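There are structures below to look over.
Here chain A shows up in two complexes: once beside chain B, once beside chain C.
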Partner chain A sequence: MELMKRFVLIVLLILSTCKGSPPVDENKPRQPAAQTIKIGVIAALTGSASAYGRSIVNGFELAAKEINSKGGITLELIIEDSAGRQEQALSAAQKLINSNMVAAILGPTLSTEMRVVGPLAVTNGVPILATSNTAAGITQIGRFVFRNSMPETIGTPLSIQMARDKYNIKKAAIIYGDDDVFTKSGFDTMKATAERLGITITTIEKFQKGQADYSAQLTKIKADAPDAILCSALFNEGAVILQQARKLGIDVPVIGGNGFNSPKIIELAGQAAEGLIVATPWFSGKPDKRVQDFVAAYKAAYGTEPDQFAAQAYDGLYLMDEAIRRSGTSEREKVRDALASIKDFDGVMGRFSFDADRDVVMAPLVIIVKDGRFQLFN
Partner chain B sequence: MLAQQLINGITLGGIYAVVALGYTMVFGVLDIINMAHGEVVMFGAFAGMLLASGLGAPLWAVFAGAVIAAGALGYLLELLSLRPLRRRRVTAKLAPLISTIGVSILLENVALKLFGPGNHPFKTPLSDMKFSLAGVDIYLVQMVILGISLMLAAALYLWLYRTKEGLSLRAVAEDSEIASILGVNIDRAITITVVTASMAGGAAGVLIGMAYSNVSTQMGVSIGLKGLAIIIFGGMGSVGGAVAGGLILGLAETLIAAYWDSGYRDAAAFFIITLVLLVRPQGLFGRDAAAMRH
Partner chain C sequence: MHLNPYHLQIASFALINIMLALGVYVTLSTGQLTLGSAGFMGIGAYTTAVLTVNCHVPVPVGIVAGGLLAGVAGVATGFPALRLRGVYLAVATLGLGEMLRVVFIRWEVLTGGAVGFTGIPQMGRETLDMLNTYGLNPQGIGLKDNEFTAFSVFLILLLIAILTVWAILRQSSSRVGRAFSAIECDESAAGAMGIDIHYYKVLAFGEGAFISGLAGALYAHTASYISPADFTYHRAVEVLAFAVLGGIETAWGAVIGAAVLTVLPETLRFISSYRYVVYGIILVAAMVYRPQGLIDRALLRRFTAK
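So, the complex of A and B:
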C-alpha cells in the first residue's frame, strides 16, 4: 500500500514537470510580455506633512497611469501612509520589503523619515528613491539610496546670492523650523551662505511644525530692521509666516528655502507672498512641451497646478521605469545598478543625472512671486 | 518692543484661556477630561472659516455658525461616547477618557477627509484693521479676542456660581447619586455642560482663525495639549485658574521667544508649569488634594 502510494506520487510528479516546461522558442525576445512589477510608495498622507504627501502620490499615480498605458511592463504601486512619522514610515517599509516583496521603494516624504527607512532598505538590498528629501547626507546613507529631489545645498545659495546682488542685502534675519531635518538643513545652508557672502545675521529665530503664532519671533525680527528675511520652512508654515510678517509691516524681500516652492504658497498667503524668492528645480511656466503636457494632464486629473513635489514624484517614477526597462528584470540588485547608471534623463524638471553618490546633478532656476504667480527672477 | 510683545502674549493667552475653559467645565462637572475638546475647537474653527472665507459672512454670523456647529458636535459627543458608558455603569475612571480619545482621532481624520490637508486661510474684514498707540500697533482682532475671552469667562463663572442651573451642575460634580435623589436630572446637567463647553470651544476656534489667519486640521492636537496643561496648571475645574493659567502660559511663551530663544518656547513654558506644580500640586487656583477627593 505504502509502495503504491509512493509510485503514484512519483508518476504525478513526472507528469507535472513535463507539463510545466514550455516549448523553447529561440526567436522570442527575452523580455517577458506583460510583467507586473510591484513598487512600494511611502508617503505622508495624514498628519502635518500630508499636504506634501498628497501631491507626491498624485505625481506617482499620474506617471503610473501613463507608463502602464504604454504597455510592456505594468507598474503596480503599493501605497503606504507614514503620517510623516519615523516609526510609521519604518513599519511601512518593513511591510513593503518583506511581505509585498516590492522591487523598489519610492519615498518616504520627509528627510527625517529617510534617516530610519534608508538604513533598512540598505540592509535588505532594496533600491529606494527619495523624491522629496532635500536634507544633506541622504544618499550617503548607503549604496541603495537615491534621490531626484534637489538638495538645499544647490538651490538656496544661488537664490540668496542673486537676491543680494539685486537688492543690495547687507543684513538679514533667519527664521527656521528646528524640529525637522529638512528645515534645519536648509537653515545650515542659509547661515553658511550668508556668512560666505558677508551678510550680517541680525537674529536667528526658530519655530516648530504646525505652529500658528509667529508674532513673538517676527516682532523681534522687525525690531532689528533687516534688509531681508531668510526663511527655511515648509510651505504650510511658510505661508503663515509670510502673512503674519506682512501684517506686522515687515516688507523686505523674503528668501525661502526649497519648501516654499509650491503654487500653494501663493494660494495660502495671497498678497503676502509677493516678493518671495526661491530656487527651484521645477518651474511650471517653462515653455517646454513635456512640461506643459504634464501640467495639463495634472490639472485635468486633480484640478490644481502641480507643485515641485508632484513634479519630482512624476519624474521619480519615470526614472524607476527607465531602470526597470534597462535591467529587464525586477531583481532588486540589478534595478539598483541600472538606476545608478542613468545619465542625462530628460524629465519635466529638465536634464537629470545621478552623480557617483546617487545624488542629484541638475541646474536650478531662481523664481520670484510677482502679480500672484511665480516668474523667473533676474 | 516690550509693549508689542506683551500684546502678542496677551492675545495668545486669551485664546488659551477660552480653550482651557472648555476643559475645566467638563472636568468640573463630570470629573473627566474631554480629550476630544481640541478637535471640537478645530471643527468650530473650520465652520467659521467656511462662513468667513467661503461666504464672506459678517463676524457675528461667523461666531454664531461656529458656536452652533461646535455645540452640535458636543451634543453628539455626549450622546454617543459618554452616555452609553454611564448607561452601562462603567465605573472605570479611564473609560470616558479613552472613548473621548477615540472621538478625537475620528474627528481629526474626518476633518482631513472633509477639508483636506494643510492650512486654510481664514479671511475676515476685521483682520487688517489696526490702530497705533504710542508707537505700538494694536489690531482690532487682538482687542476682540481679549474682550471675548474675558466676557466668556465672566459669563461662565456667573452661570456656574450664581444661578440655580449652575448650582445643580456643581451638585452633580459633588456627588451625582445624591444630586439625582434630590431631583437633579443628571443626563440633562451633563449634556448642558458638554454642549456649553463645546460652544465655548467653537468660539475659541474662530478666535484662533482670526488671530492667525489660518486654520488646519492639525490645530486641535497642539491647542488641546496646551489647554490640558493650562487646567492642570491653573487648577482642575477652576474658571479663574483657566483664565489666569491661559494668560500666564501665553505671556511666558511669547516673552521666552522674544527675549531668550524661540526654540525653547514650549520647553520653557512647560518647565515653568512643572515648577509651579512642585510647589502647588493642586494648581494655582485648585482646591487641595484632600478636598478634591470630597
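So, the complex of A and C:
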C-alpha cells in the first residue's frame, strides 16, 4: 500500500503546517493599543441570499466610515462571504475567531447559518450580533448570541391585531410557502396570533418556491369568503399571489409576513399591492433627522434607498461601537457584558434595548401600501 | 502545541466531501450515473439526528444506522434503476433526490420541516464531554477546548475516510471490482462472460448510497444542524463535480477532486464576492485541459512507479 503511505504522509504534512502558526491567546485579542478593533462580518455575498448580504454589508460599511471619522477608536471590518450556506458560514466564523482574532462578529445573514455558527461563538466566548435573523429561538442558542433584527414574533402579531381592529376581521385564510425556513416560521406566528386573537381560520393553503400558478389555492380561499388573507411568502412569490388574488376578485385586505416588507413588492405587483399591510422595524419615510440623514448618506454612497437589512446592519455596528466604548476594551467577555447592558439606544430604527435573553425590545411600525408607496397605517 | 480550528474545519469538510465523492464514484464505476447522492446523504443525516436526539442512541450507533438505512434505500432504488441507463438514470435519480427532500420538508413531526433539525450532538463537543467525565482534560496535551473539539472531529473523520478509501481500493482489485469495471466497459460482454450484472449493479448502488448516508450522518454531527435545504440537487451536482473533476478512473480522483474543490473557495476568500467566478473558471479550464479528470490511471502509474 505504497499509495496509502504517501497519502498519510501528505495529511501529516498538511497537519504540520497547521501547527506552524504562532501561539496566540484567543481569550485576549490584542489590546487596542492603536485603538484599532477588529470586527468580523459574515454575510452572504454570493448565492441566492446575496441580495440581502449586499444591503447588509453596505449598512456596515457606511456605519464604519462614520464611526471611524469621529475618532477615538477605529473599527476594522473583516468581511467574509458565506454564500448563504452553513458549512461556509462555519468555516468563515472559525477563520474570524481563530485566525483574525476578532473582538466580535456581526452576522451571519440567515437564521439557518446562525444555528451552526452560534454554538461555535458560545464555546469560544465571542459575542455575535445577528442583524438579519428573524427565526424564533436565535438568541437562546447561548449567552454570547445577540440580535437587533426584529423576529417575526414581534412584528406580524401587531400588524394582524391592528388590521383586525380597523377592518373588524372575524375570519381569515392563511397561505404560505412550506419549503422555506423563513416563510414557514412566519406562518407559525400567523397561525398562533390568529388563534390568540380569536380570529377563525377558514383554510390553510400551502405553496412551493417558484410556483407560478396559485389559482387552485386562491379559488379555495375565495369560496370560504374570509375577511382577510394572511400571507407568508417571499416578495417574488408574494407579488404573483397578490396579482392573481385581485384578478380572481378577492378584494379583502392582505396582511403579509416580513418577506413582503420590500419596495420590490410594489414594483412587481403594481396596482395589486394596494392595501397590503406589513409590519416593519424600519420605515424610510419617518420624519426624524437621524433617519433622513442616514437615508441621504446611503443614497449618496450606493445610489438606492436603504432597505430594512441595511438599516438593521447600520444600527448593529453602532450598537457594537457603543459596547466597545462602554467597556473600553476589545476583550470579548467585557464587550459581551457591555452589549448586554445596552438599554434605550437611539438608532435609525427607533429606540432599542436588549431583553434578558439578548433579544430585541422595540416597537415595530405597521405600514400599508397606498398610492403606490408604503405609508404609516393607523 | 497549537492547532488552528479554522484549518481543521476546512479539512473536516474536505473529508466529508471526499466521502460523498467516493459514494458517487462507486456507483459510477459500474457505469451508473446517479444524482441521488444528496438524498441518500439526507437519509443518513436525518436518521442519526432522530436516533440520537429523540431516542438517545449513542452517536456512533446513530452514524452507522444512518449509513445502513441509506444503503437499504440505495438497494431499493438499485432495482428499478437497472432498467435505466445514462442520462435517463441521472434524471430518475434527480427525481428521487427531490422526492426525498420533499419528504424531509413534509414529515414535520420527525424532521422539523423546513425550519430544520437543531441540537444534534456535535462529535467534538461529545468527545470533550466524555473525556471530562473520565477526569481527563485536553490541557494535558496542551490543547484548548475549542482546538480539541475541532481536532477530534478531524481525527474521527480522517479515520473513517481512510477506512473508506482503503475498502474501496481493496475492492477495486478484487473479484467485485473487476466485475464492476467489466460492466462499465461493456455490459453485454460482461454478461456473456458470466458476470451477474443485476447483482453487481444493485450492489454498487447500495454501496454508493451507504457511503453517502455515512457522510451525511457525519455531516449532521459536525454541523449540529441540518435542514432540507442542505440536500437539494445543488449538492448532488456539486458532489458529481468533485468526482468528475478529480477523475472517475480511480478512487483517488474522487479524493483529490473533493479536496481541491473544498479548499479552493477558502483560498479564494481574498477576492470576496468574485471567488465563485474564479472557481467556475478553474472548473471549466480543468475540464478543457484534463477531460479525463485531474487523476487518471496514467498519472497514478507515474506516481507509484519509483
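Following the convention adopted for this analysis, the second predicted complex is superposed on the first by the 306 of 378 C-alpha atoms of A that agree within 3 Å, B and C clash if a C-alpha of one lies under 4 Å from a C-alpha of the other, contacts with A are read in each partner's own complex, and residues count from 1 in each chain.
Basically, contacts are C-beta pairs under 8 Å (C-beta built on N, C-alpha and C of every residue); 3 or more make two chains touch, one makes a residue touch a chain.
All values derive from a computational prediction rather than experimental measurement.
By the touch criterion defined above, A:Gln35 reaches neither chain B nor chain C. In the superposition on chain A, no contact is made by A:Thr74 with either chain B or chain C.
One of chain B and chain C touches more residues of chain A, and that partner is C.
Judged by the touch definition given at the top, the superposed model places A:Gln292 against neither chain B nor chain C. Looking at the shared chain after the overlay, A:Asn124 reaches chain C, while chain B stays out of its contact range.
Applying the stated contact rule after C-alpha superposition, one finds that A:Glu87 touches chain C and leaves chain B untouched. Once the two complexes are laid over each other on the shared chain, residue contacts for A:Gln244 go to chain B alone; chain C is not touched.
With both structures placed on the common chain, the touch criterion links A:Thr304 to neither chain B nor chain C.
Applying the stated contact rule after C-alpha superposition, one finds that A:Thr46 touches each of chain B and chain C.
Note: residues 46, 50, 178 of chain A belong to the chain B contact set and to the chain C contact set alike, using the contact criterion stated above.
If you check the complex, the residues on chain A that touch chain C are 1-4, 6-8, 11, 14, 17-19, 21-24, 26, 45-46, 50, 79-81, 83, 86-88, 90-91, 94-95, 97-99, 112, 115-116, 119, 123-124, 135, 137, 178-181, 183-185.
Note for the complex: chain A touches chain B at residues 46-48, 50-51, 53-54, 178, 205-208, 210-213, 215-217, 219-220, 223, 235-236, 239-240, 243-244, 247-249, 264, 268, 270.
Listed in rising order, the residues of chain C touching chain A in the complex are 1-11, 13, 102, 105-106, 113-116, 118, 122, 125, 144-146, 149-150, 158, 162, 165-166, 169, 223-225, 227-230, 252, 255, 265-266, 269, 272-273, 275-276, 300, 303-304. Every residue of chain B that touches chain A in the complex is listed here, in rising order: 1, 4-5, 8-9, 11-12, 109, 112, 116-119, 121, 127-128, 137, 139, 208, 211-214, 216, 218-219, 221-223, 253-255, 257-258, 261-263, 265-266.
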